[in-house]
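Shared between the two complexes below is chain A, which pairs with chain B and chain C, respectively.
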Partner chain A sequence: MSITRRDFMKSTVAASAAAAVGIPISQIAKAEVAEAEKDWQWDKAVCRFCGVGCGIMCATKDGRIVATKGDPDAPVNRGLNCIKGYFNGKILYGKDRLTQPLMRMTDGKFDKQGKFAPVTWDQAFDEMEKQFRRAHGELGPAGVSIIGSGQYTVQEGYVAAKFMKAGVRSNNIDPNARHCMASAVAAFIQTFGIDEPSGNYDDIEYTDTAVLWGANMAECHPILWSRITDRKLSHPDMKLVNLSTFGNMSSSVADLEIIFKPNTDLAIQNYIAREIVHRDAVNWDFVNKHCVFATGPYDIGYGMRNTDKFAHDAEKDIQAKENAVVLDEAEAVAQRRKAGETVEQKNAGGAGKHWQISYDDFKTAVEPYTLDFVAELSKGDPDESLDDFKVKLKQLADWFIDDQRKLVSFWTMGFNQHQRGTWVNEQCYMNHLLLGKQAQPGNGAFSLTGQPSACGTAREVGTFAHRLPADMVVANPKHRERSEKLWKLPAKTINPKVGSHIVKIMRDLEDGNIKFAWVQVNNPFQATANANHWIEAARKSDNFIVCSDPYPTVSAKVADLILPSAMIFEKWGAYGNAERRTQMWREQVPPPGQARSDVWQVLEFSKRFTVKDFWGEQKLPGLKADGFEDGKLPDVIAAARDMGYSPDDNMYKVLFATPANTKVAWPDPVAKGHDNHTVVALGENWFPEKALFEEYAEFGRGHEHDLAPFDVYYRDDVRGLKWPVVDGKETPWRFNGEYDPYVPKGEKFAFYGKALKAIPKGNLDGVTDPNKTAHTDKAKIFFRPYAAPVEQPDKNYDLWYCTGRVLEHWHTGTMTRRVPELHRAVPTATLFMHPADAQSRNMQRKDVVWIESRRGKIKAVLETQGRDRMPKGYVFLPFFDEGVFANKIALDATCPISKETDYKKCAVKVYKA
Partner chain B sequence: MNISGIYVLTSPDRLEECCANLAGLPGVEVHYRDVNSGKIVVTQEADNVSAEVDGLKRIKALPHIIVAEFVNHWFEEDQEMVSEIPPDLDDFEGLRHARVPDYLHK
Partner chain C sequence: MGGAVAPPMQRNMTDKSRRDFLQKSAQGMAVAATGGLIWSFLVRQEAKANPAAIRPPGALVEADFNATCIKCGQCVRACPYDTLDLATAGQDIPIGTPYFFPRDIPCYMCPDIPCKVACPTGALRADLSDIADSRMGLAVIDMENCLSWQGLRCEVCHRECPLRDKAIGIETHPRQISKHAMFVPIVHSDACTGCGICEKACPTEKAAIRVVPAELVQGKIGEHYRLGWKIDTPITQEFKPADDRPAAQDDAAPGEAPGLDYLNEGSF
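Let's look at the complex of A and B:
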């Protein structure tokens, strides 16, 4: 390359970067950029990775992506990209991209023990249909399942959920978002009666204080982090607190770093609440008008199986705690009981129930959480003095309580992946609500997400085992009725029994209750804790596993059939991010080889089943619901006939290619010349992504979940819109009368969510008056106690073990490990450990070590320096690396309310390999 | 040959010092600076994308850097795709051992 050409490219790259970050550039520089990019076609798109939802610009040339950059007009990231976002265009071009269906075969036939061989899509669907019919025939709708995703586009999640819930009448669809967001969701619903955060990212620029609770934002949400550091720099009074179980990159600019012991965040929050009470700092105007106090049972188990039938010997002592635990000293104080008392976990099946209590009860409940008690219990770094730690806790409480100070709490997996995840989320709202610091610019408790459409798809569309679109649930007869009406289904088509959540689908595969699983847009066999069990289960002879993925993941390897999927920019789609912002993109390039979109895969598969396959009487073990015969879903074929369906109509026609949907024509001017391979492969002339989005949006419009018309999101001047979008206007702060059209006129605030508003009355010990009172427009302030982790270090397994992410890789590394530069930056997962812990085990940095838990052992390279600083007694291992496989040894205990796994705490030993 | 555009943020009173440090790094040129906000845009020239990532890490390690992130890049390289079955796809046994798949090293 000539010097002139090189200099020219440099100045255009610099000018383009400067424009992106808001530095003015000259007309000449602008012209140079235009010249350099003259053959490129730029279009707006969204980053494929985390829940922040950065806007990116995507350049194509001759059917290839040639460049991506941060979108300067995107309000989320304002032109910036983190290192993962920067390489968005490259994740499509991994050397091992799957481009044809692969099935395990011997002598030209499917064989569970066979080797993968290429097959046609027809052959793939033929075998898949056969296996689906086998499992469905033997076990009914409960015997088949889909493992879905927080990375589904809105349309992918919608077609998968509709196929299962309206077609198959099975609620066994649950996303990997269960591992990520379920605790946040349960707390939203219990506290506010509606899902999703009230604030938005602009809170960062309005606040004076940001408190990170178990969220390493610097590594996991780098773009929001850049906004926080920006705010800190431009606003000298801005304070930043990083609460974590180990020192991480987010501590670098923190004013306060609080290292606490696992699970003691429960105690720290109650300490803050006690301080609020004792300093007479409750915002009574706010609390009296908008809140009600509540609590629930403490004896709720740990979300493990209540039988040891499937446990290996080493697992049995922990499993036994699912049925009864002996309270330790701290739990006894925290729960006002006696140490050494055995508590049967009687409410493991009803963990979510709760009732109203008085403020006096609440005061009594937080009284034990004195500074002395909480500091002693929660101090996480043995090398820190207790006095220093107390000063920090007190400072934190001071900042919370200072009525001149705005404050935002951010959290992600530290709270959500927690044996008491729902509780700890609710405690955060407790303190914000007590102080009236919620739902205002710069004030609020803000749950961040890990996946690009955990909010927009997994939650809003309702791809969970208990949900329907727009916050409705299968167990509620009115919600089923409304869904059946919108979906044009006969009454009682929808199954009222909650299906298996993702961990239970794995357990069901192990114990023979589910025999067909279709994995879509995620990698559950690497991502689910205690993975050895589930890998063995997948390989059991009568289980059939289908995995749709662009790359050969662990889940693909343990599958029987692999379907090659189109990736983000190879299809039309929409994501909804953590601040309720829906963003859409067009298909930019065609998928390689025979890869196809997940929408096409579900639509095509649905053609193979008819009304009479699914809508006759179905057995459903354990079903008990009003209006239903025990253990049975009724025959609705006659009712369907009355509605104009023939028993031989296929599900594609009944559910997807409906008369209304097929009127939405392709081609469509909104495409502006972009293609749609889903339409081409279907051989149709309707536009599924648009028609199905509009059909889905009907659920939420007028019901606090309004989405704008499809075409609006594609307008050049739109960079996503925050729902609810009412009369063309987005909602920046929910529940706040100034910003939210759903708040009744004249009211300052209204927590108007409709779910779980009516609750009985009681005291700290239980319900005293079972008659329910409806607390319309109010939020609940929950008291939740400290509870000890179910598995803790002991003499044999003497270290805490925590898993998580690193900056360069995302999730299980399926995409990021295909980008050579990201892979080279962090090729393998290393085990972080305190140098003194290494020394006392005769180990050195870079040694290969075994990490062993009750559930198995894995090998990794030891690291005692670098970005993460462990306190003594604590180790951290990232989970992106399938070679190291962190989740093999992690415990599959979950929050009993949300069923979300706690990946953040179990006990291991580490020794030289 | 890779040229990347990198956004750097420092406090305005450290701007000069930061620009001098940046200019001293291999392949780095400072193109834009904003005295009011402390924003800087540099380009970095690197032989390959691996060196590009290392370069960003070097920038992040400089004193007084608050933010350093890639914004865009320009590269000339082969994007050919290989449509063959990944060699270790059938290696289910491989999952039992701790190692990185070979194809990632190629």
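Let's look at the complex of A and C:
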């Protein structure tokens, strides 16, 4: 680019003026293109990394990505990227990119104890089919599984889910998004009856208060952080609060930094609620019209195993708490019980049930959460004075309650990866709903997402063990019926029993209840807490693990068969970000060697199974559902024959290459000359990504989840659209009559989600009237109490341990660590600790130290300065680095409702190596 | 699990052999330097010493350092990170003296400063007790090529700086063309040690932040001026006249009053 500094200044001013009147920036900044770049071809795409969903542009030449840029017209990022996004063009070109299937072999045959050797796709699928049939034959549909992803494209998630749920009749498909968003999902469903946020990113520019609850946006949502910071710079009264368990990068711009003890966010939320009640600040107009009060059981366990059969000795004391807990002083006050009381965790299996309570009950419940009680309980920095901390809590409550002040709460993993993740999400809605600060521009509780398509794929497509597309669930007979109709399946094909969530898939591998697992677009053996157990289970048991990945990851190393996958710009796809924006891209470059898209892998594998393989009677231990014989899925082959299927029809034809889908022809003008290696590899002339998207979209159209036609997303003037897209218009704020076509005419608000609307009546102790009342169009204001973390520092393991991200690396680092510049910038994960804690252990920064928990020990380099500022008694370790395996020592406790792992709190000791 | 990427650099994982070799060859040069021809060669080298050499922590000012360093290589041997090298012939650095290139391996700022401890002559000041007080150089930012200065959310240098917010801070500015703020890194010379971790970490193709000797780049404002918003010096409430006031110039000789030359000479 030859552009002088003065030209740049001029174009900046011009662009600024243009932006003010709504002209696309790209039309203003017309820099002179160098001769060498004249044959570069640019196309729009999406950033591969986080849930923000920045638009990018890709330049290709001779089948390679030669450059990328932030898309100046993308409303999310306006041409900017973070330092990961800056390297989108390089993630494809790591030196150890996998280009052919690799299988563990001895003497030319598969051997679980053998060494990896290259095989053909046919050999790979032959062994995979054999092993799948073995597990399926022995254990039925519950014995096979897919570990999916919040980084699946929409189409990848859809084909994987349809293959499992409609074909195999197994609900054992669950994404890594379980580790990421499940608590947010459970709270959305319980509170609103429908998933995903009501607002959008423009809330940032409309609000005057942003409260971060366990969201280090400065590092984990970098471009949104630019918007929040800009709001702060340009709006003098904008206030920013950072609630965290340690001083992170987001504190730098904050007006108020509140460092609290793990799990006490539950208490802080109730303190705010109590203040709202005591200051008579409830917005009764809003609450009476649009809300009901509710609560649920407290004795719900911690999502751990309820048996010590597999626990190592050191793990047994914590595991025992899954069954019974002795209440500590604070819990006793918070739950109006007696300290020292032993509470059997009787509702561990029914953690999600809830019932309506009265406002008086709600008032009684929040009454113990006084400023004195909550401040004493929650102050997280031993060096801060209690009085200073109280002033901060009070300031937070003041800003919440100020009726002149708009307020947005943002959160991610601090709330979601939480032993009471669903509760703490619901508490956030509690305060926003009490104040009527929800579903309006600048007002709302906004759950940020972690992964690029956790919303668009994992949640909307429903690649979870309990879900179907468009917020439907397998346990609901009407949802199964509608899905069977759309999928043209015989009645009772879909399995009504919720499958194994991702943590349970790991436990099932250990138990021998699952013997086939196919890992797609994620790295679960590095990312799942208490990893030693699962790696051992995978390697030592009689199971078969397939790992589809572009790179040799920890999970690939653990697997028996590795399938080389195409990466983002090597295939057609769609992602949906945190503000319900669906964005699509074309295949830009071909995948290397024999690497293939995940869509192709599932479609090709499905050709190997027929109707009679899956649709006969199947054993399903534990199945109990209306209309089903206990423990069995019925034979539907006869019904299938009536629908025109032959028992010998293969699943590819039944599920994917249907008559309707094969009419969607490839080539298609929307491609504008771009290739589709999936079609070529299939040897077909239909367009799977388009046909399957349209098929999937039918689930949501007219059902509050409307997506636009496929081709619309590829228009040059479209930069993604926020669903529901009704009559060609996106929906910026849901549940708000001014913006949302699904709100009945004349209504200001309607929380119209349909799930879990009918609930029984009760009080704080339980259900008093089991008859259910439907609260149509209403949201629930939940009371949820403080509960102590199941594992806390003690004399032996004397430090809190927390894992998380850094800006420079994505998740387990499998892509970003292969970008030399990012690897150089942050080559290894270091353990952050308070300098006084290091000193008292005779350690200093840069020492190599052991970090040991009940579950194992790992080595890391100690850091007491720099990026994170730890309070005494608390350490933080990023999880991107497989050389410093953070999740080996993390505890696999989960929220009992959402089943999402709490990666943010367990106990460790640290000593010099 | 061994990965495809290099293992983390750890202080007990260094390979000494390369360093030993370099060190011996440099020592050999120093010993040989007692001979005539090579001696003069070395003197010439010293005379042309590159003022851009980045020295280990606690190094005396360049001239004193070159005079005091006996080129023994003890500091190189003591460094657990392989950061230091001894200059060899052909480099613009006096042969045998220690230096480092931060883009290759920066100084990781060991709290116990083993290089300084190993120095037998005080070329690396023995009284340096806190590594944060060392001044190996000063980081400077090329604003035109720094991604953060363009608005991208990079700021790797800031997050990786061991003295974050002290040596490298972030200033936020509105970006004129959209609703995003810019986060621009600013180096503070009062705290920057010149360790070069920022230069090593900078993800641009050529580092947009580099460590150079402070005297090459650092300006200085006049002693006669103070930045009013930076130093709070309130109006003195009880003014004390100076004891030693200049005498009044009543006795100036006629014709010697300042300014007369200008006033009286020349024409309009």
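Following the convention adopted for this analysis, the second predicted complex is superposed on the first by the 878 of 913 C-alpha atoms of A that agree within 3 Å, B and C clash if a C-alpha of one lies under 4 Å from a C-alpha of the other, contacts with A are read in each partner's own complex, and residues count from 1 in each chain.
Quick note on the criterion: a residue touches a chain if its C-beta (ideal position, glycine included) is under 8 Å from a C-beta of that chain, and two chains touch if they have at least 3 such contacts.
Values in this document were obtained by computation on a predicted structure and should not be read as measured data.
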Exercise. Looking at the overlay, does A:K912 come into contact with chain B only (first), chain C only (second), both, or neither?
Worked result: neither
Message = Taking the superposition on A as described, I'd like to know which of chain B and chain C A:L102 touches: first, second, both or neither.
response = first
Thinking of the overlay built on chain A, is A:K754 touched by chain B (first), by chain C (second), by both, or by neither? neither
Which partner does A:G79 reach: the first (chain B), the second (chain C), both, or neither? both
After superposition on the shared chain, which partner residues are touched by A:R845: those of chain B (first), chain C (second), both, or neither? second
Touching partner for A:F116 - first (chain B), second (chain C), both, neither:
first
Scan A:Y93 for contacts with chain B and chain C and give back first, second, both or neither.
-> first
Touching A:Q865 in the superposition: chain B (first), chain C (second), both, neither? second
| Does the superposition put A:K672 against chain B (first), chain C (second), both, or neither? | neither
Both partners, chain B and chain C, contact chain A at residues 12-13, 15-16, 25, 70, 79-83, 86, 95-96, 222, 226, 229-230, 233, 253, 552, 554, 557, 817, 821-825, 827-828, 881-885
Residue positions on chain B within touch of chain A in the complex are 1, 3-7, 9, 11, 29, 31-32, 34, 38-39, 41-43, 45, 49-50, 52-53, 56-57, 66-67, 69-74, 79, 81-83, 85-86, 88-92, 94-95, 97-101, 103-104, 106
Within their complex, chain A touches chain C through residues 5, 12-13, 15-16, 19, 25, 70, 77-83, 85-87, 94-96, 204-205, 219, 222-223, 225-227, 229-234, 249, 252-253, 551-552, 554, 557, 806-808, 813, 817-818, 821-829, 844-848, 861, 863, 865-867, 881-885
Chain A contacts chain B in the complex at 1, 6, 9-18, 20-23, 25, 36, 64, 67-70, 79-83, 86, 93, 95-100, 102, 115-116, 118, 222, 226, 229-230, 233, 253, 535, 539, 552, 554, 556-558, 592-593, 817, 820-825, 827-828, 858-860, 881-885
Touching chain A in the complex, chain C uses residues 1, 3-12, 108-112, 144, 147, 151-156, 159-165, 170, 172-183, 200-205
